[in-house]
Structures are given as structure tokens and as C-alpha cells.
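What follows is a structure written as C-alpha cells; I'll ask about it next.
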Amino acid sequence: MKVEVWDIRKSFSSERAALAGVSLTIPDGEFLALLGPSGSGKTTLLRVLAGLDFAEAGAILFDGRPMDAVPARERGVGFVFQHYALFRHMTVARNVAFGLEIRPRNRRPPAREIRSRVAELLELLGIGELGGRFPAQLSGGQRQRVALARALAIEPGLLLLDEPFGALDAQVRKNLRVWLRDLHVRMGLTSVFVTHDQAEAMEMADRVAVLRAGRIEQIDTPKRLYGDPATPFVHEFLGESVRLACTVQDGLARIDAVPSASIPTPCPAGPAFALIRSHEIELLPGPGPARVIAIHATGPLARVLLRLGEQDVEVLRQPDAWMPAAGETCDLDLSRARIYPLQASPR
Amino acid sequence: MNTVLPQRPTTEHWLIRAGLIAVTVVLLIVLLLLPLLVVFTEALRRGVPAVLAALEQPETLAAVRLSLLVAVISVPLNTVCGMAGAWCISRFRFPGRGLLVTLIELPFSVSPVISGLVWVLLFGANGWLSPLLNATGTRIVFAVPGLVLATVFVTFPFVARTLIPLMQSQGAAEEEAAITLGASGWQTYFRVTLPNIRWGLLYGVLLCNARAMGEFGAVAVVSGHIRGQTMTMPLQIEALFNDYDWIGAFSIAALLSLLALLTLVAKAALEWRIGRAGGGLL
Amino acid sequence: MAACSTASIRPADDAAARRSALPGFAPTLGITLTWLSLIVLIPLASLALRPWTLGLDGVWQSVTDPRVLAALRLSFGTAALAAAVNVPLGLLVAWVMVRYRFPGRGLADALIDMPLALPTAVAGIALTALFAKNGWIGSLLVPLGIKVAYTPLGILLAMIFVGLPFVVRTLEPVVMDLPIDAEEAAATLGASRGQAFRRVVLPALLPALLAGFGAALARGVGEYGSVIFIAGNMPMVSEIAPLLIVIRLEQLDYAGAAALALVMLLVSFAILLLLNALQARIAANAA
């Protein structure tokens, strides 16, 4: 199902807007991640898509059909809640069958068919033998799959997942990531997935929308998001960033602490700042502004701690690359830095 | 262990503890258990046959029937309205919600006599609606409708009061899930909400019923004490007691005490099931 | 961006936005408000309005009648005394129930709710039988010259009986939540358990003690069934205010009964407000 969101606005109180004008288009079959810190509006957007909350302005279209007059129960959206919201007094099988059993008589499949569909789904999700258990008897990961099976049973056009792995421990999360992505592809779903964990979003999604304070800062494929962050917020949210002050003049940014570095940039002249990732900084031999404090050569990448002016900077290098000695100074190649004008600072 | 350990810093010396426990137990027995025991002792003073004979008196049977009738009318009414109120208060936010909760609890803070007084003021001989009643020949006060009204007033909060904190602590997530799966409001309520609140609901109904059958002050005011007609069990207890028919009075009291014991047992069982919802379930 | 039909872009619509996905709000609110008005609000409104048919003067005469004042003094005074007795008793019971383990604790816990579960008339005749001249406890007190039944002392005991659960249940959660590290700190600073209790625990419990006092007081003032049998019901001596209301009703003095009821409600309300203010003061000082 193709989903279009046009300029959705919602606020819970007079000062803070939960959604301050969000627009995006989700093509059929896409796995989209909504990524952002808490309070950025991602869960609100999800709930508005499902019809559990309502926007004050804007429109939602499913396959071109406007949804503002359509109640949640008619939207055909599968919703997986953060804490699963399993019906605690029903067995797993009854939970999964629920969406089929409550259908009006003319749309309800016969009981035998419901049973077999439920069994099929449970098998598919790897919990085939748990049909007779109650939610309280299951582990977190198992409950997660039941919630998913329940949502999938109604053959939704759109699958929405609200921090589905939030309550699980790290190893279980990792396994479920791969498996969920696989399921999405196999069943041909359109999925929107909310998370605050950037690694998860980047690993699983076709595209990631980074939200902040009710707005989309950037929506792109993980690769482009990481390699070409549009705003400082996106840059810093997606990975450790080193921030360096610089000055722009005539289309060139000069890093204040590293005079030899000058990076072409379209930014206007004046004070600015550069963001660069630890592994993007190249070390050059020779005298320079950076003094090496320590080198830790354990692990897949070596960590070189530098003192640069007033700042401590950590650089990640391949362990077999050239290393300066501790106490020496060296120069820095910052050509991969991205320059942002000062007022774009997220602080 | 032969060594004497130093006393733990946040507990009293064991002698003091034992003493306090002993005092408490004695206190509870004297103050709370003895009255209950007295009821059964006095009722059985001349043995079980005397109790049965007392209970079979026509006036007593009429009182039991009347108490049951009043309960059968008021408890379901307050239960349905309590369930409605609990849904609206625990699942939605709206201005005046806090005030509504306070108003629902109002009958708890009003003296039972006043709870009966208000109905007499409306429907009694000098009441505001008495001209209307006289014209249509209906009797409310000194008749069963008055008893029902007084009982409904005093038992008004019980079901709502038990359900509201329960439903609030359970949260709306399961109901929202049901909605996304396509369930209608009624389907959601009967398949998802009710099973989750059934023990709290049962408890609220039990309390409501116990109070409905045991209410004295409010009912005494509206009843008119017409023997055989407007005497509920507690009123019959009063009548028999004032007539020095202690066996009769305590026999009925024993019946009501059994109901009270059942309620206490149910409370303990339900608390064990639901977990302590912040004490004060009664 | 493809053009989008303007019909589906709504202008800012706060009311529509605040609606909930869960159904049933309007009907359940309607039922609740209707039932509340019919059963609680309208009757109480008539109570508030009825006294004034006597006129301001009439109301004043009615409530300052010596018999009324005696009844009010007795009801409020005895209830206050009973509540005052229940505070240390309730604290003792709450402390023991929360802090100690002993066989039969579960039974004791159920027992505490007995006065709440037992119908008031049953409690009334039971207490009378217990404290009458030849009752189990009464017979022990008569040689000591203490008469309980049919005296104000009986009223006091009945009020203690009905008020105890309120104090205990108000205190239990608070005692449970007492920060144990405050007591540990006191111990490390050299305080004995008695000192720690007096200086650290009691002040922390003060708001809850006040709340329990208020709850027991409110219950005692309005109590009828438990008290009416053991009281002597002699005007000016052992006649409680609720009984006077009943008597006035029987005399068809509706306005007078309503006036007295109104006074009782207002005074109870005022006392509770005062206690709440005290509690807030204490909490503010402690913050």
C-alpha cells in the first residue's frame, strides 16, 4: 500500500508541537524507519497513521484514499505496540485469531480456516508450538512475535511497529532485526518502524526518516544519510562526530585549529563549524597542530588520542596504517569534513 | 548459632517487637473479633433450633425478602452506571474529570442519616414533590421505592471506585490493539476489557451488595418502620432488639455477619489475585 | 509533490484532534452524569436549599437550640476523641502489620476491615451486648465502677470501633513507603530506635496521621447504626446529632432537620479543609 502524508500537524499542549508539519511518501513495499530522540514525534506520527490519534491539520492518504474520516478499525493497519499489548486473558492462538474472529459474519472466514491461518502464521514466525500458552508464560521475544502474528493475521496493507525491540536484550534484538527484515520481504509488506536506535534503523530500513521536534530533518537511504547528512543534527545523531570551529571565506572553510586544512564549501562567509567522523580524519606525518597523547592498538581499529588546541580528539585508524609516535605532533587531513553555518547548530 | 549478633539498626529489640505484636493482636481481638463472636454466641444461646425458629418468623422472612429485593434492584443499577462511569473516566481526558470523581465519591462522606434525609426532603409528607405524589397517589417514602432510593444513594460509588484505579493501572493499550484489529466498541469491551476487569468488578459488586443489604441509617429514615412491609433485615434487627428478642435480633445479625465474612474472604482472595491496588479497596 | 485535493486537507481543527480512537465517550459520560444528577446532586441540592424556607433567623434559631448544640458537641466531641484515640492505636497496628512478620498476620489483616464490612446495625447490637452490664467486657468493668452501655463512653467505643480501619488503612501505605535509609542514617549517627522513631519516623508520618484522624473523625460524626444502640439517647446528655435529625423528621420539622444536617456537613467539611491545609503546610515545610 502506498502511503502519503501531507503536512501533518499536532500539538498536545500550547507550547510544544508533537508534529510540526510532516510530509512524506512511502511507496508500496518499502521498509521505512522513523528515527529520532524521544519527543521527536515518531510515535505520534505512527499513531496518527493508525488512527489512534488525530492530527489537527494535514492529510493522510492510503493508496490515494483520504483517511481522516476513516476510523482506526477500518483502516486495515497492523499495529505492533511497544509493550505488545497482548490480550492477557487469551491464549496465543486466540490472540492471533482475534482480528479474524471479530469480523462481521459476511466477511468472517469459517472457523476451520481461521484455525489453519493462525497455525500457519505461528509456524512462519517460529512460535508454532506456543499456540496454547498465555502471554504471561512467554519470554519478551516470544511475545513480540505473537504481537506481530496478530497484526499480520488481518493481512494489513500497512504494518506499523512502535519500538518493537525496545524491551528486549541486545542479542535477541540483533536476531530479530534480520528476521523481521526477511519477513517484510517475504510477505511483501509496506512497513513503518519507529526506533531511537540508529544502528537498528540503518541496518533494517530501505529509507530512514530522521525526526526532531516534530519535523523530518532528512529522509534518505541509510547510505546517503550517513555519507551526506543534510543537517548537523543528522550528522551527530547517526554517529560520533568531532566538532571543529572554522571560518569560511571565498568558498573555502579554514579550520581554526588546523591551518593547513581548507575545505571547499558553499556556505556563506563568516564563522562556521565542521563536523567529521573519527574514522574520516587522516593523520599526516610531520610537524603539525595535533599532539599525540596515546595510541590504543587493541581492537579492529586503532584509537589515536590527540590534543588539538583546547580539544581532545579521537581518531580511528586501520591498525596497519602509519602511526605517529606518542608525544609527537602530526598534521590532519580533514577533507572529508562537512561544513555547517553557525546558526544551523542543533544546540 | 551461638554468637549473639548485634541488633539490626532498623528494627526494634526483639522483646519490644514481641510486645508490640502481642498488644496489637490483643487489641484486634478485643476490638474487632469479639463483636463478631458475640453475634454468633448470642444467636446460639438456645441452640440452633431457636435460631431456625426465629428466622422462620413471618416478619423476619418478609425482612429478608425485602432486603434481597432492594439489593436486586439497586446493585445492578449501580453496577451498570459504575461500569459506564469507569470507562468514561479511565479511558478519556476531559475538563472536569477530577471533579466528576470527587462527586461520585460524595455519598461516602455523607452520614447515612443524611443519605436518607435527602429523599424525605424530596418525597416525604412535607417534601417538595409531595403535592405531585399525592395527586398521583404514589408513595415513595415509607414504601419500597424510598428504600431503593436510599440504598442506591449509599451504594452509588462502590463499583466505580473499584474499577477506576484498576482500569487506569491496566492502561488502554489492549483496547487500542483491539481497535486496530478491527473490533467495534462493544466487541472491544466484552472481549478485551471485561475479562481484564472481571475480578475487580466482582469485588465491587460484592461490596455494593453487602452494603445494600446491611445499610441501616439511610433506610431507617425513609422506611417508616412498617412491620412486615418496609422493614429490611437491619431494621428488623433493631425492632427485635428493642423488643428484647435478642435471639431473633442476633439470628438475623448472624446471617448478615456471614455475608460480611464472605465479603472479607472475597477481598483477601481478590487482592491476592489483582495485587494491592494501593490499599483501601473497601 | 503531486497536487492533492484541498478537500482532504483540513484546517487546524483542535476539537477533532482531541477526540479519541476509543469509542463510547459520549454515551458513558451521559449515563454517568444523568445517574449522578438524579441520585446524588439533586437530592443534595434540595438539602442545601430546604433550611432557608425558615428564613435566616429561623435557621439560626433552629441550629442554636440548646438540644441541638448539645447533640453537636457530643457528636463532634466524641468523634474527635475517638479519632484521637485511634491515631496511636492505628499507628501501632499499621506499624506492626507493615514492619513485622508473625503467624496469623494475614488473618489480622482481614480482621482490620471487619468494621467496614460489618453492617452498622449488627455492630451496634454486638457492641451493646459486649459492653452491657452482663456482657463479656461490661461485666469486667462494672466492678471497677465503669459503665459503658447507654453512656457517652459507649458512644466513644463504638466510634473507635468504626474509625480504626480508616486510620490503619491510611497509614499502612505511608509506613510502607518510609525511606528506610533515613532510619539507617539516624542509627549511624548514634540514635537509639526510640529516638529514631520519635525524631525521624513520626515527623515523616505526621501528614498521614492527620489524614487518618480526619477520616476517622468524619466517619464518627456521621455514624448512626453502630452508635444508636449503645448510646443512651437521652436529650442533652447522650443524644447524637444524627438521631436528632431523625427525631425532627418524625416531627415533620423538615427544614429543621435539613438545617442540622447542613450544619453537620459544613462543619465536617471545614474540619477536613483545615486538616488538609495543615497537611499541606507540613509537606511544604518538609520539602
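We just call them A, B and C in the order they show up, numbering each chain from 1.
Keep in mind that, in the parts below, contacts are C-beta pairs under 8 Å (C-beta built on N, C-alpha and C of every residue); 3 or more make two chains touch, one makes a residue touch a chain.
Keep in mind that this is a model prediction, so the values were computed, not measured.
Undergrad: Considering only C-beta pairs in contact, identify the chain pair with the most of them.
TA: Result: the chain pair B-C has the most contacts.
Undergrad: Tell me, please, which chain's centre (mean of its C-alpha atoms) is farthest from the centre of subunit B?
TA: Taking each chain's C-alpha mean as its centre, the farthest from subunit B is A.
Undergrad: Need the CA-centroid distance for the pair subunit A / subunit C, whole Å please.
TA: Roughly 54 Å, centre to centre.
Undergrad: Rounded to a whole Å, what is the gap between the Cα centroids of subunit B and subunit C?
TA: 16
Undergrad: Using mean CA coordinates as chain centres, what's the subunit A-subunit B distance in Å?
TA: 53
Undergrad: Do you know which subunit A residues sit against two or more other chains?
TA: As it turns out, subunit A has residues touching two or more other chains at 51-52, 71-72.
Undergrad: If I count partner chains per residue in subunit B, which residues reach a count of at least 2?
TA: 176, 179, 184, in rising order.
Undergrad: Return the residues of subunit C touching two or more other chains; collapse runs of consecutive numbers into ranges.
TA: Residues 21.
Undergrad: Which residues of subunit C touch subunit A once you look at their complex with the stated criterion?
TA: 1, 4-5, 7-14, 16-19, 21
Undergrad: Which bits of subunit A are touching subunit C when the two form their complex?
TA: Listed in rising order, the residues are 4, 6-7, 9-10, 23, 51-59, 61, 66, 68, 71-72.
Undergrad: Give the list of subunit B residues in touch with subunit A in this complex.
TA: Within the complex, subunit B contacts subunit A at residues 173-174, 176-184, 187, 191-192, 195-196.
Undergrad: Tell me, which parts of subunit B touch subunit C in their complex?
TA: My answer: residues 9-13, 16-17, 20-21, 23-25, 27-28, 30-36, 38-39, 42, 77, 80-81, 84-85, 87-89, 91-92, 94, 100, 103-104, 106-107, 109-114, 117-122, 124-128, 149, 152-153, 156, 172, 175-176, 179, 184-185, 188-189, 210, 213-217, 220-221, 234-235, 237-238, 241, 246, 249-250, 253, 256-257, 260-261, 263-265, 267-268, 278-280, 282.
Undergrad: Which of the residues in subunit C end up touching subunit B in this complex?
TA: 20-25, 27-29, 31-33, 35-36, 39-44, 46-47, 50, 89, 92-93, 95-97, 99-100, 102, 104, 106, 108-130, 135-137, 160-161, 164-165, 169-170, 172-173, 180, 183-184, 187-188, 193, 218, 221-225, 229, 242-243, 245-246, 249, 252, 254, 257-258, 261, 264-265, 268
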